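Read through the structures below before going on.
Okay, so chain A shows up in both of these, paired with chain B first and chain C after.
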Partner chain A sequence: MSKQEELRATARRLLAENRVDLILGYTAGTLPLRTTPFFARTPAEADLLVWNAFCEYNLTNYLPRYTGNRVGIVVKGCDARSLVGLLQQNQVQRERLYVIGIPCAGVVDRRRVALLAGGAEITAADITGGEIVVRGRGFEKVLPMEEVLFPSCRRCRYGNPVLADVVLGEKVPERKETYEDLAALENMPAVEREAYFAREMAKCIRCYACREVCPMCFCKQCFVDGTAPQWLSRWVGTADNLFFHLGRTMHLVGRCVDCGACARACPVGVDLMAFNRKMIKDAEALFGYRAGLDPEAHLLLGTFDPNDPEPFLFRG
Partner chain B sequence: MIIAKDDLPTFLDGLLGTYQVFVPLADGGESRYVPLAPGGTFTWQGVNTRKPPKEILFPQSEVLYSYEVGGDRVELREHFDKTKRVVFGIRPCDARSFLHLDRVFLEQEHQDPYYRERRENAVMVGMACLEPASTCFCTSLGGGPFAADGLDLLFIDLGDRYLVRRVTPRGEALLREQPALFRPAGEADRLAAREAEEKAKSLMSPIPDLSGVKPWLDAGFGDPLWDRVYEKCIGCAVCTYLCPTCHCFDLTDEAEENQCVSGVRIRTWDTCAFPLFTLHASGHNPRPTGKERFRQRVMHKFRYFVENWGEAACVGCGRCIINCPVNLDIREVLREIMARAAGAGVSA
Partner chain C sequence: MDAGPEPKIVGFLCNWCSYAAADLAGINRLQYPASVRIIRVPCSGRVSPLFLLTALRRGADAVLVSGCHPGDCHYTSGNLVARRRFAMLKSLLEFAGLDEGRVNFTWISASEAADFARVTTRIYQRAKDLGPYRGALRKESGVPRRE
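Right, the complex of A and B next:
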């Protein structure tokens, strides 16, 4: 039985036995390379659930909306870590959840596929074995899956969900976690790095898709939306955009699990992962902290340890 | 008229003495209309740019006026942008969106002078769509891949040359600035253009019939449809900020550091997707959840705008479909509405 068939059977059973009110999962999208979030409420609807490498959304983002429901939710490895974060922060109640974990070998980076396919409109995409075949008007291109996975997925150590009530299908091999991608930015002279971030920030249109799609951005009111006082100008420009993104980044330290939902949601391709991954790397290097592994653990920024390194202090 | 493709850079370069020239450009994840540098070239392969040319007439952020309090009076200085511009390569759907923006900003009791100055100083040069994308549905909304509404000139790509349709006297005047580059079109050119148009139309996805949408929406404000249809919406501004017709804005004052005695009043895009959109000073919000906000977007585009102007505030460009972070497809929403309309026996 494929993971998708197993998923449908599991969801059907949960709904038929009235163990959950709804299942948060994925169904077929209206565009190639896409699926779309789906809220199945009947056993018949369970048969519309899909599982494939286009299931790019982190559905735990929706959970805080359903505090009054018993929810079944489909999680990939990274999503499970977000769920741990939500539990740590009391945003969801474990006893109302039924967690369907699916070991994940990575999701497709649709923008990278579009780039590698030459930029012409892709009208169909199929995954067969280790390859993805994309077609458009007058062209067909075969690309190795490994080359089109989202960058975070290519070095993801936690493809197997750390938390689940049921795990569907075989485990996936653990990948080697590296931060090689950050080396270029870290080694850049400060002036060039500043110019790089200025360019990225100039692209931002402040649609806040990164924030809205992020399971960790659950503040009732974001600091940039305050009006009395108004912390951030409505002006959309490099400096104001940077203020928002740095504020968000610092607020995600020790909470971001590198799921990449923000970068995939960004309509203008801002390099959001550079911020996030640098914070993830520092949290681990300085404090030995990895987000989203233990629901009982305290948050990094919610803990004080006299032995914490303080290299920024005099004689720290 | 006909201009050889090889002469296009000369034509655009020749405009630079008088105009700021915008052309479509793709750069990394971004694609939008950008100013052309002298001697600069561009190639554009796609259908629509990620960002529509709307921002040229209606920037995401603009200073309306600056103020300074001094002695016994307040000095106000308005910031009008009278730059002469040519926007080249506009797709017919985006050109049509200018007509919608004109209605909002110009065709009411009070005109918006900031928009008007930009609009009156811009010459709009279109580029017909030879190969519409699968997400295009302009023909469902009164447009078409070769439509010239909202344009001053329409270029049609005929391989090694462009056939140029003169739509307005202003467009015609632009061609007369460099007459040596243009020659009259012949019968063969016109035939080739007609064939290209037929081919482009045949490539459009089948046209959904949207005639029942407005009548259903008239009575559908409280329908249970809204309880579910927004459910996957995350509440970001991608669909509205990338929409060529969305025009809601916010006004704020930006005081400078010197005790508020001087500053600027700015206008920035706003969106019905955000909680702040209709948040009252009292703290009450008449659109408290994603449901009401999503309904507002659909209602404004397909009901209120139709009531006010006789047409939907949508040109079928497909940007909201392509760029929605969760693939919430407006065509699906309209289909669901049509299905309900058919079930309820509602018709136009």
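Right, the complex of A and C next:
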């Protein structure tokens, strides 16, 4: 039985037995290479659920909005870590959840596929083994899967959900997590790095899609929306954009699990993960902390150790 | 004073220690740079990263956060919680390209007036050497900002 069939059977059973009110999952999108979030409420609707390498959305983002329901949710490895974060921060109640974990070998970056396919319209895409076959009018292209996965997936160490009531299908092999993606930036002189980020921030249109899709951005009021104090002006400029992204990164320290949802949602392709990745690396190096692994753990910045390192101290 | 524009330095000082140290420095007639604009905060734990970003965004050339020595916090653990935040914040800002020396964190107790004068003088010197901050947090584009 494929993972998708197993998922449908599980969802059908949960809904038929009235164990949950709805199942948060994915259904086929209207375009190739795409799926769309889907809320199944009846056993019949469960048959519309799909599972494939295009299920890119982090559905845990919806959970804080369904507090009154018993929710069954489909999670990949990264989503499971987001869920752990939400539990740590009391944003969801564990007893109202039924977690359907699916080991995930990575999701497909459709923009990268389009780029590698030469930009022509893709009308069909099939995944067989380690390859993706994309077809359009008068062309067919075979691409190795590893090359078209999202950057955050290619370095993902937690493909197997860390928290689940049921895990469907076989475990995926663990990848080795490296910080190679940061090395190039870290080795740049500070001036060049600043210029790089200034260019990235100049692209940002401050649509706040990154914030909207982030499961950790559940604040009822975000610091960018307030007017007393008004941290940011309403117009879009490099300085304010950088202010926003630095502020957001600080709010995500010790909570971001590198699911990459923000980078996927960004309509202008800002390098959103660099700041977060740096903080993830530092949290591990300085405090031995990894987000989203233990629902009982304190948050990194919510606690302290009397012997914490003080690498930042200026002694004059 | 040597030539060149005077740097603006914003100091966020804890009410219970560093602010008193600045006061004591005055009483003892210890000189410290007039470029340091002091903002009194109840605890170094009160200092949000947004404060520092705003200071740099709106014209500061360097910022200083100073609180009680670890273990001496008036609120028991405010500075200990802040310490983790500062470690991450300083690393982030320098990763984003801010010169080392523009963001400074230190611990100064109420009796360490001489340390306060020394630290602020050093920060002033470094800020002066670096010159005015003209980095990405000041980079405007589009319509000019109306203040």
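Keep this in mind: the second predicted complex is superposed on the first by the 313 of 316 C-alpha atoms of A that agree within 3 Å, B and C clash if a C-alpha of one lies under 4 Å from a C-alpha of the other, contacts with A are read in each partner's own complex, and residues count from 1 in each chain.
Note that a contact is a pair of C-beta atoms (placed from the backbone, for glycine too) under 8 Å apart; a residue touches a chain by one contact, two chains touch by 3 or more.
A quick note: this is a predicted structure, and the numbers were derived from the prediction, not measured.
Looking at the shared chain after the overlay, A:197 reaches chain C, while chain B stays out of its contact range. When the shared chain is aligned, chain B comes close enough to touch A:205, but chain C does not. Shared-chain residue A:223: touches chain C; no touch with chain B.
Of the two partner chains placed around the shared chain by superposition, neither chain B nor chain C is touched by A:144.
In the superposed pair of complexes, A:34 makes contact with chain B only, with no contact to chain C.
Contacts of A:288 after superposition on the shared chain: neither chain B nor chain C is touched. In the overlay built on the shared chain, the residue A:233 is in contact with chain B and with chain C.
In the superposition on chain A, contact is made by A:304 with chain C only, not with chain B. Residues 233, 235-237 of chain A are contacted both by chain B in one complex and by chain C in the other. Against chain A, in their complex, chain C makes its touches with residues 49-50, 53-54, 57, 70-71, 77, 80-81, 83-100, 104-107, 115, 118-119, 121-123, 135-143, 145. Contact residues on chain A toward chain B in their complex (touch as defined above): 29-31, 34-39, 57, 61-62, 111, 119-121, 123, 137, 203, 205-209, 211-213, 221, 225, 227, 230, 233-237, 264-270. The touching residues of chain A, when paired with chain C in their complex, are 185-186, 190-191, 193-198, 201-202, 223, 231, 233, 235-240, 242-243, 246-247, 249-250, 253, 275, 278-279, 282-283, 286-287, 300-304, 306, 308-316. Chain contact summary for the complex, chain B toward chain A: residues 26, 28-30, 45-47, 50-51, 60-61, 131, 133-135, 228, 231-232, 234-238, 241-242, 250, 252, 254, 266, 268-269, 271, 274-276, 279, 321-323, 325-329, 331-332.
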